[in-house]
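Just below sit the structures, each encoded as structure tokens.
Shared between the two complexes below is subunit A, which pairs with subunit B and subunit C, respectively.
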Partner chain A sequence: MSKRSYWEENKLLKAFRFFAIFIVVVISLFPIFWMFSTSLKPSYEWTPATPIWITKNGTLNNYQTVLLGPGRAKGGWHELVGGELTGSMEGGAGKVSLKGESALFMPLFTSLLVCGSATALSIIIGMLAAYAISRYKFGGNFFSFFILSARMFPPIAVVIPLVIMFSIVGLLDSFIGLIIAYTGFTLPFSVWMVKSFIDEVPKELEEAAIVDGMTNFQAILKVTVPLTRGGIAATALFVFIINWGEFLVAFLLSATKVITIPVLLSKYFTTVQGRLYGPQAALGIIASIPVIIFAFIIQKHLVRGLTFGAVKR
Partner chain B sequence: MNKLLKRIPFPVVLIIPIQIVMIFLLIFPLIVNLWVSQTNWSPLFGAGWWESKYIGLKNYYDMIFKDPRFISSVLRTSLIAAVCVTVELGLGLCYALLLVKDFFGKKVLVSILLLPMMILPLVAGYNFFMLFLDNGPINQMLSILLGKSVHIPWLSKPKLGLLTIMVADIWQWTPLMFLILMAGIASVPENQYKAAVSLGANRLQIFRMITLPLIKPVILIGVVIRGMELFKIYDLVFILTHGGPGTSTESISYYLYTAGFTYLRLGYIAAGAFITLAIFLTASYYILKPVIKEIA
Partner chain C sequence: MILRLENLTKQFGDLVAVKDLNLTIEEGEIISLLGPSGCGKTTTLNMIAGFERATAGKVYFDDRCVNDVHPKERNVGMVFQEYAIFTTMTVFQNISFGLRVRKVPKAEIRAEVRRIAENLNLEKILDRNVANLNLSELQRVALARTISVKPSVLLLDEPLSNLDAALRERTRVELKRFHNKWGITMIYVTHDQLEAISLAKRIAVMDSGMLQQFGTADEIYRHPANLFVAKFIGNPPSNVVRGEVVKKDRSYMFKSGEYELDISMHGDLIKKALKGNKLAISFHTEDVKITRSRNQKNSTPVEVFVVELLGYDQIIDLKVDDLIIRALVPSSMEVKVDERLFMDIPVDKINLFDLETEKNIFLTAG
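Showing the complex of A and B:
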């Protein structure tokens, strides 16, 4: 018998189901479609009196503006307005004015470096702790709760003291400072998700490895890690998505030299024109691509990875 | 070094890195915060945080009893969290049930349904800002549907602004709930269904008596994850309404942020942060208790 053959249904129900799926897909995709369509519109079509669904005057100017920086793109909004891109918010580590020379390259590099390192660190540290909790029941329920509670802090409660501390040790507006902050803020997820995968690996495998002469660390590295590869990948993606989209902490801890993509996005604003919908949409498309590719590759593991061990095999 | 490492029990060695990070990023900031929250520190006075005046629990008292803006932001955030978690859970369950059966192209379909989650939260905010503009496509579609010109000011009326924020959050995070629930439903053992069918149960009964109880831990996990993040909601409020009109759509994070970095009353908002933390911890302790039992 094939799987799920108990869910027999008549034609009417089947039709209804496919109709419902169709609606859901349309709703899921519509905002994304709008973003894509906006990214191709010239500036006078961003917010016209009657919305234009698909532009007839398609242009790649928005992408050019984003990729090369406003100064170098030809015929971009800056020539129409003649204004200069300025930061739209005060406060935080500093006020930024984005001048002509700033392009996508630096923020993209910053985001990749910061999110990549923070994700890796978070997974490594989280995995070690998860192993201790899973195998040795370290600290009991209190310790588990304590770790998870770290995710509940209103960010502002931790960020203000962090700004004070970082300014003392000179980590404000630096790569390292942001990496440390991101590592800490995502640790609860790493610990809990990786723990659920370690729980599935039989303890006996590691014990056998230790009997064969491996040290404790070697047993983790050569037995546990390969067996939980998929789960680690799913956790990494989840943590990466959180870091990649994080705005408030990045804005408060560093916004002058170290600019991440979300912070750059919030700067696409001119005093004359207001929000620059086109470049924002173009950057939104570009920024989403790495995550989508990553997610597509590990989809199989993703489904189970997010249940924090509530699904037992 | 190696000898020293061998003296320490192995589980403790494993815990050391996370403890260092936690102390540096959590314990120490909280101690600083505890001090700051009992002073009237503001960078405007020109004094450092360590030399500002100690005023005891006045900040806490003022915030709870004399600051309706804070209290209403707490209530509003609770409302947003409750509505969004409920709708996301319901919709996520619908998605998962729609896709319970295998069919051609299911994998691609799941990928498409997960797309909203992969978009940067800030970008999702900008998208919904564009969609819900006065002359945006949502009003256009309503005009066509209703046959007359509709200009609903979605983003500049208190209740509608709140609704838009919720819709944007639901759009973006229902996929996560769907993913979690789908894994839960897929894990229900086949023979349970077999037994129920052979006993003559209909679809609704199977769902209520078998599926629902068995995926309860998964549901709890989803509620906790989303609830935690929703209580901190900031990005969407910042982009869609800027807390306005007036202060009518401010969330806790948004209010504390404004109070902190516009009025620069850092001592005062440090107290606010502790009050929210206390609310979070008590609430989540009771929600998490069954969860931890379930998965620990």
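Showing the complex of A and C:
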């Protein structure tokens, strides 16, 4: 037996580290793999006795169902049990498809519109609020914590009164209603995240810009915002993902018109077949595409690059 | 431009940051605002620049009160301790920033930036990204950017304190050269008396928001207006001995415990001091003379307590009964701890303070 040297030990450690990372990656990626795999399975393989990892009878029927609506897909899962399924589908998905558009079009459009505008609003308002709190100590020490208080209740406790209020002012099942709700719910996050980034920009930078001839607002826009761009992009992505996957509020505030993707997902359910795992998986795959695209677009801003703010060493 | 501060006061809640500050800075003059941290120097600068609103009092640029003028309209330049360089821009873009904001034609901008860059030894790095500059270069870029818009007064807030000793000295020299050449009115804030003295002709010493003394380096060094200035100026800090003046035969003696010093030579000035009983004298460490043998009849026997070598000089703590007197002498004099020596305090160079008002009696009497 040769003596174990320092280097051998190190190699072992390296191998172990690699293995640990591998496990973590597998665990985090497995649901995505399973979703993708399921989206290609025919209905009889969705919940078999023994798990099927990769189907041998791959089909695009699930995607067809999602895109065209249950009634229009040819050779899909519903043909196995006949046309009665279409009738028993609940709610909007079927109705939307009647407009002659893709069944997915309206929910996707709704989700993009609502999440996009709510994210933009949340970031803009959040940035202004964060600036006031960070620079002018608006509301003192207490205020920034107070903002978070809405997030300290269980969401359901906040949503129910909201539904009642919205029904009174007629904002139920409307785009504006959902946008307001999403903006409000994500605002605490935007304020807190953006505030932490603004805190890092020395106020001397703005002062320098001001004595050089800029107005206060120009200084914020031309000096502080570019420096916090990465942080703002990260916050936007974060807020967008929250909104994109949000179910409870969307479900309670919507009836037939404003159906977001998570709400649509919950409607893939029939009395005969129970959960329609295949179309749900297919919708899941489709729904993750906008988030991935969004992340790619702002990716270059996510890297902080230069030292933040003034160069300190 | 003549800059005048009139009873300038700034309060943050209960905290008085600056109180009744009166100061006039002549055209083209460079003055230092000197004081410990938290004394109100930066707040004063911020009020001149317009970032802080004065609680009371006025800031005058020539005869114009600028209290309600927005900082961008005041035409002041400000150099910050943390440089405030725009890291997303190159050196050229940084220096030309103010000119671009003012929509100066491009050709003019290029010429102006080049001229300033040559003056501050920056012409070779104009195209560099600021991330790769050393601290002295950064601070000079900040200075260049500030002066590019030709401010009527330049405010510098501890611009050298983040630099290491060698760079600090070099940048200080560049600053002085720059001021000689451009003759711009400058206010230089620092807590370093050496910087203050080397750059400015006149120095304003501040403490707890109040102006303690405004005068030349020599005035402040030789004739501190009050006890704070006496303690603050001098490196190492001056000796301050508390005691009282008593009349003994025909001479006046300063008495602290067993220690006595004949200060009759100050004559009439002392008579005023006799009224107040609690007093203190101050004298610089370098004025204390140490000898091995008694060379005057009033030399005081002392015992060496601590010896600190500083290179060329050394600080010696001398024990006189309960008093510790510090002396700065050349290192060439070999001194051992516990050695017995004789000390002479130069009576002509002392200052006498009333402990109640903390004012210099010699100055108030005259």
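Here are some notes:
Methods note: the second predicted complex is superposed on the first by the 261 of 313 C-alpha atoms of A that agree within 3 Å, B and C clash if a C-alpha of one lies under 4 Å from a C-alpha of the other, contacts with A are read in each partner's own complex, and residues count from 1 in each chain.
In this text, a residue touches a chain if its C-beta (ideal position, glycine included) is under 8 Å from a C-beta of that chain, and two chains touch if they have at least 3 such contacts.
Quick caveat, the model's predicted, so the values are computed rather than measured.
After overlaying the two complexes on the shared chain, residue contacts for A:Ala129 are found with subunit B alone; subunit C is out of touch. By the touch criterion defined above, A:Pro155 reaches subunit B but does not reach subunit C.
Legend: residue contacts after superposition of the two complexes on their common chain; A:Val225 is shown touching neither subunit B nor subunit C.
Once chain A of one complex is fitted onto chain A of the other, the partner contacts of A:Ile27 are limited to subunit B, with no touch recorded for subunit C.
Touch criterion not met for A:Ala120: it reaches neither subunit B nor subunit C. Once the two complexes are overlaid on the shared chain, A:Thr38 sits against subunit B while remaining clear of subunit C. The partner of subunit A that touches more of its residues, comparing subunit B with subunit C, is B. When the two complexes are overlaid on their common chain A, residue A:Pro202 makes contact with subunit C while staying clear of subunit B.
Overlap of the subunit B and subunit C contact sets on subunit A: residues 306-313.
Looking at the complex, you find that subunit C touches subunit A at residues 49, 51, 70-72, 74, 76-78, 80-88, 97-98, 101-102, 130-131, 133, 135, 138, 142, 145-146, 149, 151, 162.
The touching residues of subunit A, when paired with subunit B in their complex, are 2-4, 6-7, 17, 20-21, 24-25, 27-32, 34-35, 38, 47-51, 53, 90-92, 124-126, 128-129, 131-132, 135-136, 138-139, 141, 144-145, 147-158, 160-162, 164-165, 180-181, 183-185, 187, 191, 196, 216, 241, 244-245, 247-248, 252, 261-262, 265-266, 275, 277, 280-281, 283-284, 287-288, 291-292, 295-296, 299, 302-304, 306-313. Interface residues of subunit B facing subunit A in the complex, by the touch rule stated above, are 10-12, 14-15, 17-18, 21-22, 24-26, 28-30, 32-33, 36, 49, 94-95, 98-102, 107, 109-124, 126-131, 133, 135-137, 140, 171, 175-176, 179-180, 182-184, 186-187, 190, 193-194, 197, 203, 217-218, 220-221, 225, 228, 231-232, 234-235, 252-253, 256-257, 260-262, 266, 269-270, 273-274, 276-277, 280-281, 284-285, 288, 291-292, 294-296.
In the complex of the two chains, the subunit A residues touching subunit C come out as 202, 204-205, 207-215, 218, 223, 226-227, 306-313.
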